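Note that the chains take the letters A, B, C and D in the order they are written out, and that residue 1 is the start of every chain.
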Amino acid sequence: MTESAPESEYPPISEQLDDIDAARTEGRRKMDWAAQHMPILEHVGEEFEADQPFEGERIGMAMHVEAKTAILVETLADGGAEVAVTGCNPLSTHDDVSAALDTHENITSYAKREVDDEEYYAAIEAVIGHEPTITVDDGMDLVAAIHEDYPELIDSIVGGCEETTTGVHRLRAMAEDGALEYPVFAVNDTPMKRLFDNVHGTGESSLASIAMTTNLSWAGKDVVVAGYGYCGKGVAKKAAGQNANVIVTEVEPRRALEAHMEGYDVMPMAEAAEVGDVFLTTTGNRDVIVREHFERMNDGVLLANAGHFDIEIDLEALDDLAADRYEARDGVEAYELDDGRRLNVIAEGRLVNLAAPVSLGHPVEVMDQSFGVQAACVRELVENGDEYEPGVHDVPDDLDREIAEIKLTADGVEFDSLSETQREYMGSWQHGT
Amino acid sequence: MTESAPESEYPPISEQLDDIDAARTEGRRKMDWAAQHMPILEHVGEEFEADQPFEGERIGMAMHVEAKTAILVETLADGGAEVAVTGCNPLSTHDDVSAALDTHENITSYAKREVDDEEYYAAIEAVIGHEPTITVDDGMDLVAAIHEDYPELIDSIVGGCEETTTGVHRLRAMAEDGALEYPVFAVNDTPMKRLFDNVHGTGESSLASIAMTTNLSWAGKDVVVAGYGYCGKGVAKKAAGQNANVIVTEVEPRRALEAHMEGYDVMPMAEAAEVGDVFLTTTGNRDVIVREHFERMNDGVLLANAGHFDIEIDLEALDDLAADRYEARDGVEAYELDDGRRLNVIAEGRLVNLAAPVSLGHPVEVMDQSFGVQAACVRELVENGDEYEPGVHDVPDDLDREIAEIKLTADGVEFDSLSETQREYMGSWQHGT
Amino acid sequence: MTESAPESEYPPISEQLDDIDAARTEGRRKMDWAAQHMPILEHVGEEFEADQPFEGERIGMAMHVEAKTAILVETLADGGAEVAVTGCNPLSTHDDVSAALDTHENITSYAKREVDDEEYYAAIEAVIGHEPTITVDDGMDLVAAIHEDYPELIDSIVGGCEETTTGVHRLRAMAEDGALEYPVFAVNDTPMKRLFDNVHGTGESSLASIAMTTNLSWAGKDVVVAGYGYCGKGVAKKAAGQNANVIVTEVEPRRALEAHMEGYDVMPMAEAAEVGDVFLTTTGNRDVIVREHFERMNDGVLLANAGHFDIEIDLEALDDLAADRYEARDGVEAYELDDGRRLNVIAEGRLVNLAAPVSLGHPVEVMDQSFGVQAACVRELVENGDEYEPGVHDVPDDLDREIAEIKLTADGVEFDSLSETQREYMGSWQHGT
Amino acid sequence: MTESAPESEYPPISEQLDDIDAARTEGRRKMDWAAQHMPILEHVGEEFEADQPFEGERIGMAMHVEAKTAILVETLADGGAEVAVTGCNPLSTHDDVSAALDTHENITSYAKREVDDEEYYAAIEAVIGHEPTITVDDGMDLVAAIHEDYPELIDSIVGGCEETTTGVHRLRAMAEDGALEYPVFAVNDTPMKRLFDNVHGTGESSLASIAMTTNLSWAGKDVVVAGYGYCGKGVAKKAAGQNANVIVTEVEPRRALEAHMEGYDVMPMAEAAEVGDVFLTTTGNRDVIVREHFERMNDGVLLANAGHFDIEIDLEALDDLAADRYEARDGVEAYELDDGRRLNVIAEGRLVNLAAPVSLGHPVEVMDQSFGVQAACVRELVENGDEYEPGVHDVPDDLDREIAEIKLTADGVEFDSLSETQREYMGSWQHGT
């Protein structure tokens, strides 16, 4: 240990729980289920276990510690790394999973649910106290804390990975200011992630969460999807696949045209407000559904957000407008207007596939894909980290490609490869003209 | 009261619960949510309230007493009937809803959850003690008890309604033996019910239940649907709509051909067993997935039933075959074979959209449709009951049609009507040949 | 020959064409293509050739004589029958195919294109002159002529088959009057025919015909489908599958509801007229699109009929309304209104998948299915004809089932069969209750 | 005229045709139909006619001269340009359309069908003889000829537009060699073009062309799509939308995974060859279907190309393999193998939506979109041409966006716009983190 690392006395989860054995058993059960459906990490893990690529590395992680993430943590630890992990959100940790992780000889887990601010940052310091050579963030907490408070550690850091859009955005801002002093992979931005996570993952889990929160069905419903980016495409496609009549609102004409050409109704929100049965925001912007829209809605509509922050639906304005407000059902807040119309907000306008009481977060397979890329990026840092300048880096194309291949193999899907002649032809295909 | 009616001392729910007020509040909250999304019953209820068609009638009901059914009970009571109701299954009653119902001045509810056999039948007797002039059954418990034990009551009974396939099936057998002594409408068999309940309702709720039980997604999964009747069509269609690759197994060649022409893969179960990721039985038959199939399945498959009884998947054989068996997750039992493969059975092979821990039963709109037909049938019995012979009767076509019209109107959907010329042309369209 | 049969001098096609050899070659080429894609008739034909079930029978046929029908004619002839065939419409015969048929030693073909009325009926008499023991009609011309003019022949007739809805309709009227004196199978009404022919066949071929007539695409178009019966469902489904936004108009509320639950927009034609880009009638009724609708339509709309007769779109009213009228394109008549709006009628409002210049009629596979049932029915008449009373008969369920099996086998699709236990369970499934 | 321009004596079409008046009438009829369905060019044309932006410009064009292109030519001429146009392919000109164009006072058309090489280049020289200030190419013939033979003209050229992938590819090669001396817009590469042209246009028109060439249907067919780029996605999507069972072959694992996640079967061509009914190549590569694949195919399969050149299916190898070869149908060549299996090649393996006898080329709406961008680019060159360096330029984002807006407006589709708050939030959305 260098002098600069924090000397933390914050205890790992095992020293914080009462019935640690029961927690470990339950945590392991959750992890086993996830592992059973994460063939990419299974494959990568077998390779890591055989090759021990992380021998001598210390990996610091700040992630949502639940079953799926735990499999990534374990996979890295099984590859020889010493891993210290904590949460990246005061509410998202599953203590039992954290406890199960902490039993691994290479892993120390500080993640605990419902910690206060002080504890939250103490746990981050505790992770940094392990003097990580690699950081893995979901929201750049570790990168930020290290740069601000422990810059002396940076020299021994090979690089990092960042999972979220928000984190990547802030890292890019840091990099532009010349303030980011080691290379970080923007795992969030890979093409595969968009397809898996945004289109299929968000689409399916948002709709299932709403159905299982409300006991309502989709067939014949007018479903208004605000925004036709990747998430919006996913929600629209899956809703149409449940026989909803999809209405899209957009501000970008080319996306609006794309939705129109797909066969969806496209109209302004002010008009959609009058006909929609369910409204799903996916824009990443604020004030997408506001007072003038609430005023036009029918009795009994559902309002949910599958975008990012809880500012897409203007709940403050809705509260102002409402004569009454009550919990209509677990996960459903009814706002009753003067004339008796009830507008039902699901999961307080927060991300519906994460925040509804029945929600389980992203599907396992989605995280397998994303964490497979994480694992490959960590390996890349160990093997070729010195080739990357400080700054934000796209995931190298061949890593992303490799993960796709592993997934296909795991799913039993074979595909073709280019013949020599074909490769040559593609390389210089003006031959044919 | 005639001498023949049972003199029951079985108490209504209000005398059985401790915190009756809290129960009533919660029950009412559940009912309010359902009512908000049952426009057909809302419309019918307004008519009934105005016309009081059931003035002087006593309706005996044995149904699953939960929020949706409660709205039907209330609708009938608001139409002037004196209603006595109990459960039709010892486990399906929501006590809070039962309590909320029992506050209605026209309703006495005996339904209580987790009653033993003696209590269950005592409650049925209590309902019969009200000397119903009309019975509404879900499984023909009332019809059976009256015919067996209180035949003297039959004279004053106008008729009945039966909700389930099973009930209708047994009533038909009774009728064939000449033993059914009053007319009963087979509400289960209407064309609308097949469409709503089987195709859309079962399809959507089965898939959402599985997704929210397992945290898995559908995209790219090989989903094997056993049986291509109405339920199978629904499950297949909705699974394809979530980007699953659907495989259908069938025993009837025309249904197999229909599935093939739809673009699905069709193959025998023995072959499907080797490639499927998820298996859903919808046949209504037994032994659809058996030992020889389990033996060929991949590690991690999901097995669920969306048909009828829990005999479609031969769990006994699976238990014999398994080296170990444990709860992998709430609602998921893992059967581990000798070679480590894990076959995961959802909801013990019982109806997955009802029996999984997260399940909410049929979607509200589906029950609205079905109960709308019930309500119309009860009115038909009161108005024209003497026109029906004892026996099982199809729901009159115009009632079914009327409910469809109400639903369309409620959803704001307008449609055309035939002009005089068109009606004439259709009546004698050989004109055109 | 009995005295009663007509003594016809009407010559077969071979004596009517100039370059008979070229015609035969071209006709055979067309037939070969059809045969290549008619696996059901291929299979049935092999059986017939081996068993010679029609030895000694004389089959009279009045059908659209083109490549697909020709394969049915040949299949019957190869099974040992002596076949005499003519057209069932003065315009639908392909002379080259007729010539190719006429070379078969068991076949005499009188079918010729563009015959006048006298010739048309002379050809029918010529067929009757062969004293058929079995008749196969597409529009009941043979049945009618025999009953009216040659009733003495009826005694030696085993039975008949009728292909079209219209024919069946008229036969039923005859039967009701007690005037139909031999049994006729209503081939048109089988469940398989509805699926293949109406849903898939009409749907696909109507849309492809319109696309290839107009050079327009479907994506993003508002396509109004009038009527949601089998044809309407097919057109709607296939249009949605090309990314059109489908709008359905209906007069029957349950069908309207079915369309609504499928996720389509449902509205009255008067409203649809204002938003539609393409209008397709499939109702089988008259006056579906009339003056008040034309008045509201946008410039450039397409109007086509995929129902039955050319009376679904009121072209007379449109002509009255139009200031000008001209051929905008082969198969497209533009009606230009006073204000310059152009309404484009495809194929004169006749069945668009048959009457557009590029149209090829029903897809080969559809006719294979339909003619497979025809062939099986003819065999049934020979084998068990005496079991059928005079009148119109549904195709026996097992024949329809058998054809489905043959098709599945031909397409390489295997399916399951019931075990003994399963069969028993289904037979008495109240066991489970 | 400068000395450097060619002095051509090659006559315009009007001097080459016999019945010029009939040709003009027919050409105009074709153009009218196209114009009726090209709302983007209609809108742009009205603007141009009012503003006369091309006053004083001379536009040289080498394009496929048929109805749709003709509307672009006319639109530019109506905007004040003097336009000289010829074909870009010796076979694609419609003489009647060329003649109709040539009647416009601002247009000289040299395009003629079936010209020999000498005439073809003479016509190009004739266009160059007009000393164009702007060039519009489909295959860079004008750019190439000017750079090679008339470099003195370059000084007065503002810039050019190129329509095709191939042309853009070659222009980029020129630019890399420093040989391209004026700016050229790569119209082909806009995102909108991929969506419209490749996904919807190619998908729909390829399938409709095959259906109307073969009289076959898609329902239940195993359709093998080679390549899952934009064209492949379109073909797969539209085939699935006709109830085909889609099988995708790919060489790029991420595209293979994308297809797998969509729910399609993915497998190597060697395996797909054994099960496919129809094969469509969309790879842009060569030797996609070769001898080893032909050897495994079933009797009666269809082979077609929707990619680019006619080298995706190795017809030479197929010819070697075949025992016989004949025209099975217009547009279908049957290759019969030794054992009697027939493999049917549509349109000689050339682009099936262009080269099949019934084909009409790209749908009108697709070309409207593409030509709308062309028109906007020409205007951009006139207005801001001096801002562009010599070389290949992407179409400016706002032009593409503008065309999308025009299309939406023409289709009656409204959409939202960002509020000030929203714009600000998006600009600095780390606010929310």
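To be clear about the criterion, a residue touches a chain if its C-beta (ideal position, glycine included) is under 8 Å from a C-beta of that chain, and two chains touch if they have at least 3 such contacts.
Chain labels with UniProt names: A, B, C, D = Adenosylhomocysteinase.
Only a predicted model underlies this, so the values are computations on that prediction, with no experimental measurement involved.
Engineer: Name whichever of B-D and A-D has more C-beta pairs touching across its two chains.
Structural biologist: Pair with the higher count of C-beta contacts: A-D.
Engineer: With residue numbering as the guide, point to the option in A-B, B-C or A-C that repeats C-D in over half of the contact pairs.
Structural biologist: Looking at which residue pairs coincide with C-D, the repeat is A-B.
Engineer: Rounded to the nearest whole Å, what is the centre-to-centre distance of subunit A (Adenosylhomocysteinase) and subunit D (Adenosylhomocysteinase), using the mean of the C-alpha atoms as each centre?
Structural biologist: The separation of the two C-alpha centroids amounts to 40 Å.
Engineer: Between subunit B (Adenosylhomocysteinase) and subunit D (Adenosylhomocysteinase), what distance separates the C-alpha centroids? Give it in angstrom.
Structural biologist: It comes to 55 Å between the two C-alpha centres.
Engineer: Multi-chain contacts only, two chains or more: what residues does subunit D (Adenosylhomocysteinase) have there?
Structural biologist: 200, 219-220, 240, 243, 260-261, 411
Engineer: Which of the residues in subunit B (Adenosylhomocysteinase) end up touching subunit C (Adenosylhomocysteinase) in this complex?
Structural biologist: Listed in rising order, the residues are 166, 169-170, 173, 191-192, 195-196, 200, 249-254, 256-258, 260-261, 266-269, 271, 284-287, 308-309, 311, 400-401, 404-405, 407-408, 411, 413-419, 421-422, 425-426, 429-430, 432-433.
Engineer: Within their complex, state which residues of subunit A (Adenosylhomocysteinase) touch subunit C (Adenosylhomocysteinase).
Structural biologist: Residues 219-220, 240, 243-246, 260-265.
Engineer: Which residues of subunit C (Adenosylhomocysteinase) touch subunit D (Adenosylhomocysteinase) in the complex?
Structural biologist: 29-30, 32-34, 36-37, 200-201, 204-205, 207-209, 211-212, 214-220, 237-238, 240-243, 275, 299-300, 327-329, 332, 342, 358, 360-361, 363-366, 411-412
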